[in-house]
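What follows is a pair of complexes built around chain A, which joins chain B in one and chain C in the other.
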Partner chain A sequence: MKRLHQIVSELLASGKAKLVIGYEKGTGEKRRPAFISDANEVERLVFDSQCSHNLSVYLTKPEYKHVTEIAVFATPQTMRAVVRLAGENQFQDKKLSFIVMDQDQNALLIEGAEVLANHLGKEKIALSSAQEELLAKFEAMSREERFAYWKEQLSNCVKCYACRAACPMCYCTRCTVEVNQPQWISVPSSLQGNFEYHIMRAMHMAGRCVDCGSCEAACPLGLPLNIITRRMIKDIEASLGPDIVSMDTKSVLNTFQPNDKENFIR
Partner chain B sequence: MENNIKVVAFVCNWCTYAGADLTGTSRIKYSSDVKIVRFPCTGRIDFMLLMKAFAEGADGIIVSGCHPNDCHYTSGNFHARRRWIVFKSVLETFGIDTRRIQFSWVSAAEGAKWAEIVNTTVERIKELGPYTEYRELAGVEAP
Partner chain C sequence: MQTENYTITDSNLQQLLQALLSSGQKVVAPVRANNKVLFKEIKSASEVCSDHVQTTLSAKHLAFPRTEVLLQYKKTGKEVTINDFPFDAVPQTFLWGSRPCDAGGFAPLDGIFNWDSKDAIYNKRREQLTIISFSCTRHDDACFCTSMGGGPGNTAGSDMLITPAGNGTNIAEIITDKGKALFENYTSLFEEAMGADKEQYLTKIDKVFDTAEIKAKVEAFFESKVWKEQSARCMGCGACAYVCPACACFDIQDDKHGSKGSRLRCWDSCGFQLFTLHTSGHNPRETQARRWRQRVMHKFSYMPDRINVVGCSGCGRCSRACPADMNLAEHLEVIMKMEAEKI
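Take a look at the complex of A and B:
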């Protein structure tokens, strides 16, 4: 932690960061996001394997629009989101620094999203064994079984939109779910509205989702949202090519190839 | 077999709508179970419109526009094709019955193809019956 605190202190002292978004101890073994702009509070910060929140989600929030120099603690999931957000030109007026952990668990300072992109590994985000198991079970289901499965799951969804709030790639200031002329998504939680919401959320994430798992982790009802994003990424890769997180890949629905292949259009 | 079915067709103005017009002027008879909605381009056909069609009573949907390279706006149908590829995959995850959606390219000269697309789709939807399974979700409160 000493090295970590030293890096953060220097960032704050030099003015390279006016705000540091990191982690601190939460309840029990849990870690929670910490926002620090005072060098005297640096001691609060921790960065270890318990840290899981994708902190990049805060970078696009209106509350931090006015802060240009921000330093963020970045897990591999956070790095993927940052690079894709930078590719979507979300940080043009920002000067960002990142603190990552190297293989030996030492804190490392990286300045700028372009540099961060070079540090990004090619490996995919691993699922937990419980998630793998559920996904395999889901893949074996018939169409009718899948429909029944989501009927059951989505009847638990309270439409709290925590999955949306936690998603780093969900940054529109005006979301379709709040549009009421026309009303695309019903305001109260209803089963059909919940199907519509989750189908819409998936479509708006197509080719953009970085598979960070924040949505599923945020859901208070434990909905297996990972199934939706994982399957979509898999199908997109199968039909439209590899899903590479980099500064210059365009999201799949933002572009096209004249010879895109499908087998269902007559 | 269920006969009271509704098929709604979302078509682009420049090719399929003109093609459907040709079907009429060529006096080719085809199923009257289809209701046509005209759009400027397939690129304008938001996937949510398809969801709303199912919610509002459509048992089947046809989405059709200009052949690749023929879009009046150059690339609307290329974008639409990608959107449909992803949309179909997402719908399948949720167990939505994608046999009820027919995507096609029908040019202004393909009056006969339009009749054939409509007839085979209507036939298939009649076999599948009304899509009450999805409409019934509307009545269910959650959680």
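Take a look at the complex of A and C:
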């Protein structure tokens, strides 16, 4: 932790960071996001294998949008989100630094999203064997079984929007669910409204989701939301090739190419 | 009424539940699903989960559903037909296996829904609800009922309270007329009180603060930077409000389908960015810090002022559900320890 605290102290002292978004000890054994702008508080910060929140979610929140110099503790999932967000031009006014853990669990300072993108390399989002197994189990179900499964799951959704709030890629200043003229998505938490919301969210995540798992982790009801996003990642890979996180890859639903192999698009 | 004490064995307790189910009554109890425990309507006594500390969602939906149809309308030419809320269709419901903090959570709702106008729909659902709570024999890090004036064996809000006393027996307290009515239907299942003090069977939760002290503190620290510090990690979802037994904010929506539709009442949350957004575009609570302050002030200052009840039963659900680990008891403790000069 000493090296970590030293890096943070230097960032704050030099003014390279006005705000540091890291982790601290939370309730029980939990780790939670910590916000520090005073070098005297660096001792609070921890960065270990239990730290799991994707802190890049805060960079686009209205509370932190105006802060230019921010340092963020970045797990591999956070790095992927940062690179995608940078690719979507979300950090044009920002001077960001990142603190990552190298293979030997030493804190490493990376300055700028471009450098972070290089550090990450051309990472392909790949599912773990456990995730593949879960998906395979799910795909073995009949269409009716799957529909029954989602009806059961989504009937528990209360539309607290924790999945949306925790998702780094959900940064719209006004979400479709909050537009009421016209009303695209029905507001009440009913089975139909819940389906509409989750389908809409899935569509907006296609080719953008970095599989950080924040939506599912945030859901107070434990809904298996990652089944949806992971299935999309597989579909994208099957139709369009590996889902690579880099500054210059465009999202699937945002891209048009005149030489597309599908005829209907022309 | 004066609380009456009896004893009931584990097997007779099961029989009581079975008898309610067999007589076709609607019974809602904690059920395990998805590694979460939720209050659901049950058809069999075996569905009931009893090894949990707390359900993820409260039982408030039994009186204040997350979405409910207040009325339905239909236009035919120039004629409008309105179908009012079907009061007679609200079934008698037995809430089985709630905790004292669930039962206690209905007091703030009762206050809010009867504050100025009396909410006939809410009151009808409450009238039809009989609450059979079970005292807590264990708790977790998030529980703080004793600091909110409740406790693991508190009777307030329950119609009947069962305290497991070991050796297959339970202490049964009949607290209200509704509890008495249930008891009288199944008197043979109960035995004379054994005279044991229930306290010895309850889990011990330290009282850390006092509601009157909190009220004074949050009011004194209205302008403090503490709200911003504590809410820095708040992501702006509605999880805390939706799991809370005492949060009563709602949103009225019209679900329109051509010439007919329904007027709905849906849960809402003060944590949402849209919650206080004015038509002009101005939002008096523009930041998460102001929304967090509102949440705390509402529960611990405004509600005691207006309806004479604290808007929190210390169930700890918000702390368990928060994806950013905002722990209400911990935050209140920080505020309690603050001194004037540190504003």
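Convention: the second predicted complex is superposed on the first by the 242 of 266 C-alpha atoms of A that agree within 3 Å, B and C clash if a C-alpha of one lies under 4 Å from a C-alpha of the other, contacts with A are read in each partner's own complex, and residues count from 1 in each chain.
What we mean here is this: a residue touches a chain if its C-beta (ideal position, glycine included) is under 8 Å from a C-beta of that chain, and two chains touch if they have at least 3 such contacts.
Owing to the predicted nature of the structure, the values given are computational and were not obtained by experimental measurement.
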Return fit or clash for chain B versus chain C, each positioned on chain A through the superposition.
fit
Mind working out whether A:125 is in touch with chain B, chain C, both or neither, as first, second, both or neither?
neither
Determine how wide the angle is at the CA centre of chain A between the CA centres of chain C and chain B, giving a multiple of 10 degrees.
90
If we overlay the two complexes on their shared chain A, which of chain B and chain C does A:179 touch? Say first, second, both or neither.
neither
Determine, under the contact definition given at the top, whether A:165 touches first (chain B), second (chain C), both, or neither.
second
Considering only the touch criterion stated at the top, classify A:190 as touching first (chain B), second (chain C), both, or neither.
both
Just to be sure I read the superposition right, which of the two partners does A:57 touch: chain B = first, chain C = second, or both, or neither?
second
Looking at the overlay, does A:146 come into contact with chain B only (first), chain C only (second), both, or neither?
first
Partner chain in contact with A:206 - chain B first, chain C second, else both or neither
first
In the superposed arrangement, does A:239 touch chain B (first), chain C (second), both or neither?
first
How many Å separate the nearest C-alpha atoms of chain B and chain C in the overlaid structures?
7
Overlapping contact positions on chain A, where the chain C interface meets the chain B interface
156, 158, 188-190, 221
Any idea which chain A residues touch chain B in the complex?
143-151, 154-158, 176, 184, 188-192, 194-196, 198-200, 202-203, 206-207, 221, 227-228, 231-232, 235-236, 239-240, 252-253, 256-258, 260, 262, 264-266
Show me the residue ranges of chain C that touch chain A in the complex, using the header's touch definition.
33-36, 38, 56-57, 66-67, 141-142, 229, 232-233, 235-239, 241-243, 251, 253, 255, 264, 266-267, 269, 272-274, 286-289, 319-321, 323-325, 327, 330
Give the list of chain B residues in touch with chain A in this complex.
47-48, 51-52, 55, 68-69, 75, 78-79, 81-97, 102-105, 117, 133-134, 137-138, 140-143
Using the touch definition up top, name the residues of chain A that touch chain C in the complex.
26-28, 30, 32-35, 53, 57-58, 61-63, 153, 156, 158-162, 164-166, 178, 186-190, 193, 214, 217-218, 220-224
